[in-house]
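In what comes next, chain A is part of two complexes: it sits with chain B in the first one and with chain C in the second one.
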Partner chain A sequence: MKPRQSRRALSDNSKATVGIAAGIFVLLYLLLTLVSPISATSFIINNFIVLTTPLAFAASGVTLVLLIGGFDLSVAGSISLSNVIAATTMAAHPHSSWGIACLVLVMGAVIGLVNGVCVAVFGLPALGVTLSTNFILAGIALAVLPAPGGSVPAAFASVLSGTIGGTIPVALLALVGFSLLWLLFIKSRTGMSALAIGGDVKAARLSGIAVRRVQIVVYALAGLCYAAAGLYFSALTATGSPTSGSSFLLTAFAAAALGFVSFRGGRGSAIGAIFGAATLTVIPKFLFAWGIADFWVGAFQGLVILVALTIPWLTTKIAGLRKRDGEEVTVGSGPTQSISAMAETA
Partner chain B sequence: MQPVNVQPSDGSGSAVLAEHSTTSRLATIKTLLQPVLGKLAVPAVWALVLVMIPLSRLFSSYFPSWSLVSNTITLGLFLTVISFGQGLVILSGGIDLSVPSVIAVAAFFTGSLASSGWATIPAAICGVAIGSLIGLVNGLIIARSTFPPFIVTLAVSTIGSALLLGISAGKPGQTAPSGLSSLFDGSLSIAGIPFSAVLLLLAILVGSWIQFRTRLGRRTYAIGNSPQAAVYAGVRVRITLVMVYWLAAIGYGIAGVLLMGYGSGSDLNLGATWLLPSIAVVVVGGSSIAGGNGNYLGTVGAALLITIIGIDINAVGLSQGFKQALYGAVIFIALVLGRLGRGRE
Partner chain C sequence: MFDDVPFITIRDIAKQFGATRALDGVSLDLRRGEVHGILGENGAGKSTLNKVLAGVLVPDTGTVEIDGENIQLGRPKQSRAAGLAMAYQELSAPPNITVAEKLFLPKLPVRLGIVSQRKLYSAAQEVLTAWGKPGIDARALIASLNLADRQHVEIIAAMATEPRLLILDEPTASLPDTTWLFDRIRELVARGTSVIYISHKLAEIRAICDRGTVLRNGRVVKQFDPKTADERELVEYMIGRSLNQAFPDKPDRAEHQAPLVTVTDLSIAGKVHHLSMTICPGEIVGVAALEGQGQKSLFYGLAGFVKADTGSITVGSGSTPARKNFSLVPEDRKTEGLFLTLTAQFNLTISELRRCSPLGTISSRKEKKIAQGAALAVNLPSPFMTRDIQDLSGGNQQKVLLGRVVLSAPKCLLLFDPTRGVDAATKVEIYHMTREFAQQGGAVLIYSTEIPELVGLCDRAYTMYGGRINGEFGGETLTENALMAGALGHGEKVSAS
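Up next is the complex of A and B:
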């Protein structure tokens, strides 16, 4: 009875935050269509979804690791490396681009696995490990492709950034499919364990959860997400750049924050992070529509991140208040009654 | 009744107090010694520096030479100054990703003020002060919130860089005032010692003094060990954190001004390559990346060591990518060694 109850409470909580994240995005996009009506055309909408997808995957990976109370800075290096490898090898073997894409995904998972083993088995600090793997991966990317170049076959790029029958964007299908996979994952034993670890590692270990195994799986899945982000970024730009991932470090965490993912573990959803990524992609469009110079986008993104950081903090505060109220009603009814009775007798 | 009652309680009380003070004194001595002397990392790093100078023969037949030593001192100076700030932040339990933007902002304003007619020293002081604002904002946000330092420093420095890009639009490059360039062209020396070596010694003295001898330094150790315990011990955590991030940024700013003098000018990417080495140096110098444990002398040794390795890599002609991957690997190895060291204790 009890675990089911807590499970429902968890999913209710994440449903609400995902709803708010989605609401913010939809509101902003509707406002954008008022500022520039062209944004409502299906062509622009498809472009927008394609533009959001790499960040959405990156933010989902970051969210996975944040859920278990860790930090993963290897997101930037992983995206750079998968972009560079896709752009160089696909150019050389254009007919096996889908096979190469699969290999890149496997590579991403292996990188995540290494991170996970270092953190979970060797007990190294997550920030330090992922910082060093980030630099190593970025360095390898720079060694493989010292200057922007390479290319992605049009056949590969056009499938990922195109539409099915001219109406349904493939990127949207990818995101919806990914969200369904996420729901399956978070309802699974490993997913529930990940949430428990993020909530309280010691309690999770004491209640018999294989903490190390779950941590390793989560880091590996995060690596898979970064590789997917890198592949989608390759399809989007149709070229390779050794520093392509560096801008994702800030934005991926910002998208997670805008998706109401807690930075202290145990709370959050990749679906929220996807909407966070969409919100973060809408904002520069506003600046562009208003004719604000390009370089202010950076300043604005930084500001948005600082504001976004306060959102999870505010929600936990509000949720905490609400929770305390709820406890008083159900559990605390006895003592409060007796206190009020005492007051009456006095 | 009363005197009988008071006496034993008084006596036992003072006995307990005395016992408590001796154990706590032992504990404080231990906690003071551990970061300063406890680790083998500091002598090991300095030994490696001495070994690497003759070993650089393996990388180039022109090494070892006096120019290698003087280049190590000059380039090591920048890393020593930068890693003082990074080390202090890491000691407090944080991490500072705003290094590149502070360097760029400080150098840009120094150059632009100097070119608009200011004397070199006021321009440099003003440039460093403007750059250090980034650190001040970092500190204020981190002290008042529970946000992770890495993302706060990243966000604030992104804003800083974007503002700099906006302000400098059309004229990003600055030439160094002649007073700054002369620091490194070999024309200045004190008692036959090249000026960069004098600056290096000065940096080591000031850095060690701040970290070991000032109240701020000791409080930073306390916060890094346990913010909660520091609060109970009466440390004003918020003010200290603000000071730590501000002081760190002042360090980066000074390094930015020096770098500008070394390169006779600056652009907006002046600081881009210094973030990685600054973190690597702190970790290699024996500091715990989780905070609370570190020694500036180890950091200085690691700065010289990494500088020699960097010069060797350049002499072999390996690409920037290899250099970056190597820095990452060095951080990783230092993490593993640090973990092993703690495991053995």
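Up next is the complex of A and C:
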């Protein structure tokens, strides 16, 4: 048997998928500027980035949980609750907005911690646990703010949705900063362990990884991401709504899929998911520019996801054809594996 | 070389899973620098003992001491800290990490909290070189390695921790030869490491071990000196009965019989190449091969789960519907065969619901009757019928699967490693059921990881290597040595001599 060795390490593998995710977004945005040249102005670009940011954070949180082979539906409830708490308490104490924002982030992490403990320590199914916490959080959000209302101080909102020196969007800085944090995380022992757990939880345990601890940390970090998404959404809308998170539930997973995050665990990057979120956000703009009615948005988003997912599948097929011509093809090289494996089981 | 007092003391370890008593009070002593062989069949409790020592499983009772220091069991971290290291039979590396990462898990070298890539890979390559495998690339993904190199990495990862007690669980299952492994073991032992060497291959235990222990059904049944022990006697301790009784008699065969199953020039997905074989009615034909030589594709291809690229498979006159030709008992009964959360009865009848639903809905009376008939055929006690299958022992689970495939009355039974994780008594029952099926005119194709089983049970056997059949053995030529040599790729030479 001839050893088939791939020189690509894991990080390179994610780089390729992130590249494809970014490429799809850039292509769509360039097309948008062709249809509507105004989209290339810095004002519109800033608006677009601000609009993308809440979904980007939500998708990043989902990516974290998917990475360890878990699932998290509490994304919606967490965002709603963060939003209504920010909108009500900030309205009451406009001068301590930033302190409140920090508390909301802590609350998100605690919610994630509870999810993580239920899944990792009690061994409950992630789907059931997070479905329940999602309902609970949505219920609390309704109790805090039964109807849309409240407000977020302009001072707080304008910083998050504004620019520095009129050129650099704060939201962009937030996303770039977050991406750097992600790169650090994935290179830490915890991040490495998270990948290994997603790859094979049993093997990870046998290799001496503290599986439960890592799972809890990952769920808590995901909760933190959802709270960040809720805060950014609050800044974006400057108001609160008890159902604000529900639209993020499916789109967060869709963005992760567009970012080529494996739903079976062990592969994926939050940076890819951020580009996935941007792609999902650019589609309605595109349709609007074309003058296509709003209710086609969902259908187009679905279509784009489907097309995106076939790109790695196509590369596998092409690689397979080459192989039949007698060429040696290495396994585990490139993005194709995770996605095609994902497609097989989905 | 080292003092003679026990260095590692294992006392009275017991562990029960549902109805199965996997370990029933196992005690062992090891001296410093001793290599201690543990012999036992599949299901004897070897792997469970391992996992208890590694801290992965919490035993019901028992203690382990190293150098007078009591180890808290059930905590992997404690076991590691106490100097225990283990190479698992199932290879414990997640497929999506690199060789270097596996070697240093769970304590990857970090700088300021970040895993230092440069340090990681250079250190890993040094480790690989130091342990005699410089050819393995530290940056390669585990998934990209062949099985032998995965096993090398698994073993090196355990050895590189310089443990006080190293446990090797079937370490040669995927290795081409034992030279590398035995040299490394000798180096470690010279430095004072004690080794538990678990295997069902007596020759290896003889070659490397100072003392040996036979485990059967979770108990220590025999301590022996590997250099002098009688092979036949040890095998009888392993299976718990005299060898002559274990396997049913092989009937005399007619010289020129028309085959029931004829496979011609079969190729499957790059795993099986131009393979031809025949199976006569009433014949049990064995396949011996190392892991991953295409045998799985062959079995699953015959069963119709994998599509063949070329070649033909004919059964009898070819007039019966294809689904009646073959029935497969798959490799992993838990994931491929059984509905774990449902009852034994459901698991028995699920393939034959047609027969218990004359009017479209399932008649529970008919289902029960059919299930009872099948249970009787495979000697499954009827109180088990209403129990969830996951609560039954491995042996009884396997009987249910056998009952299911026999119920479908195939022309040819495909058994893929049917005695894996099955207790010794049930194994013997399975041998007899297989023979009985053959005697009623059926054909049987069986693959087993245990060569002696093939020699004892089969009328004829093929060896497979690299997706091709490289040897055929029957009658006098059907010996363990011949099958082993064939499986290692020397088939033609042996069968010719």
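Here, the second predicted complex is superposed on the first by the 290 of 346 C-alpha atoms of A that agree within 3 Å, B and C clash if a C-alpha of one lies under 4 Å from a C-alpha of the other, contacts with A are read in each partner's own complex, and residues count from 1 in each chain.
One rule holds in what follows: contacts are C-beta pairs under 8 Å (C-beta built on N, C-alpha and C of every residue); 3 or more make two chains touch, one makes a residue touch a chain.
Everything numeric in this text was worked out from a predicted model, so none of it was measured.
Q: For A:293, select first, second, both or neither according to whether it touches chain B, chain C, the two together, or no partner.
A: A:293 sits against chain B, while chain C stays out of touch.
Q: Which partner, chain B or chain C, touches the larger number of chain A residues?
A: Chain A has more residues touched by B than by the other partner.
Q: On the A-aligned overlay, A:125 touches which partner chain: chain B = first, chain C = second, or both, or neither?
A: In the superposition, A:125 contacts chain B only.
Q: A:61 in the overlay: touching chain B, chain C, both, or neither? Say first, second, both or neither.
A: neither
Q: Could you tell me if A:205 is touching chain B, chain C, both of them or neither one (first, second, both, neither)?
A: Once the two structures are laid over each other on A, A:205 reaches chain C alone.
Q: State whether A:266 touches chain B only (first), chain C only (second), both chains, or neither.
A: second
Q: Enumerate the contact residues on chain A facing chain C in the complex.
A: 1-10, 184, 187-189, 192-193, 195-200, 202-210, 266-267, 330-333
Q: Looking at the complex, which residues from chain C come into contact with chain A?
A: 54, 56, 76-77, 80, 86, 88, 90-98, 101-102, 105-108, 110, 113-115, 117, 137, 139-141, 143-146, 148-149, 157, 292, 466
Q: Considering only the defined contacts, which chain A positions touch chain B in the complex?
A: For chain A paired with chain B, touching residues are 71, 73, 118, 122-125, 127-129, 131-144, 146, 242, 249-250, 253-254, 263-264, 293, 295-303, 305-306, 309-310, 313.
Q: Please name which positions on chain B make contact with chain A in the complex.
A: 95, 141, 145-148, 150-152, 154-159, 161-163, 165-166, 169, 276, 279, 283, 289-290, 319-329, 331-332, 335-336, 339
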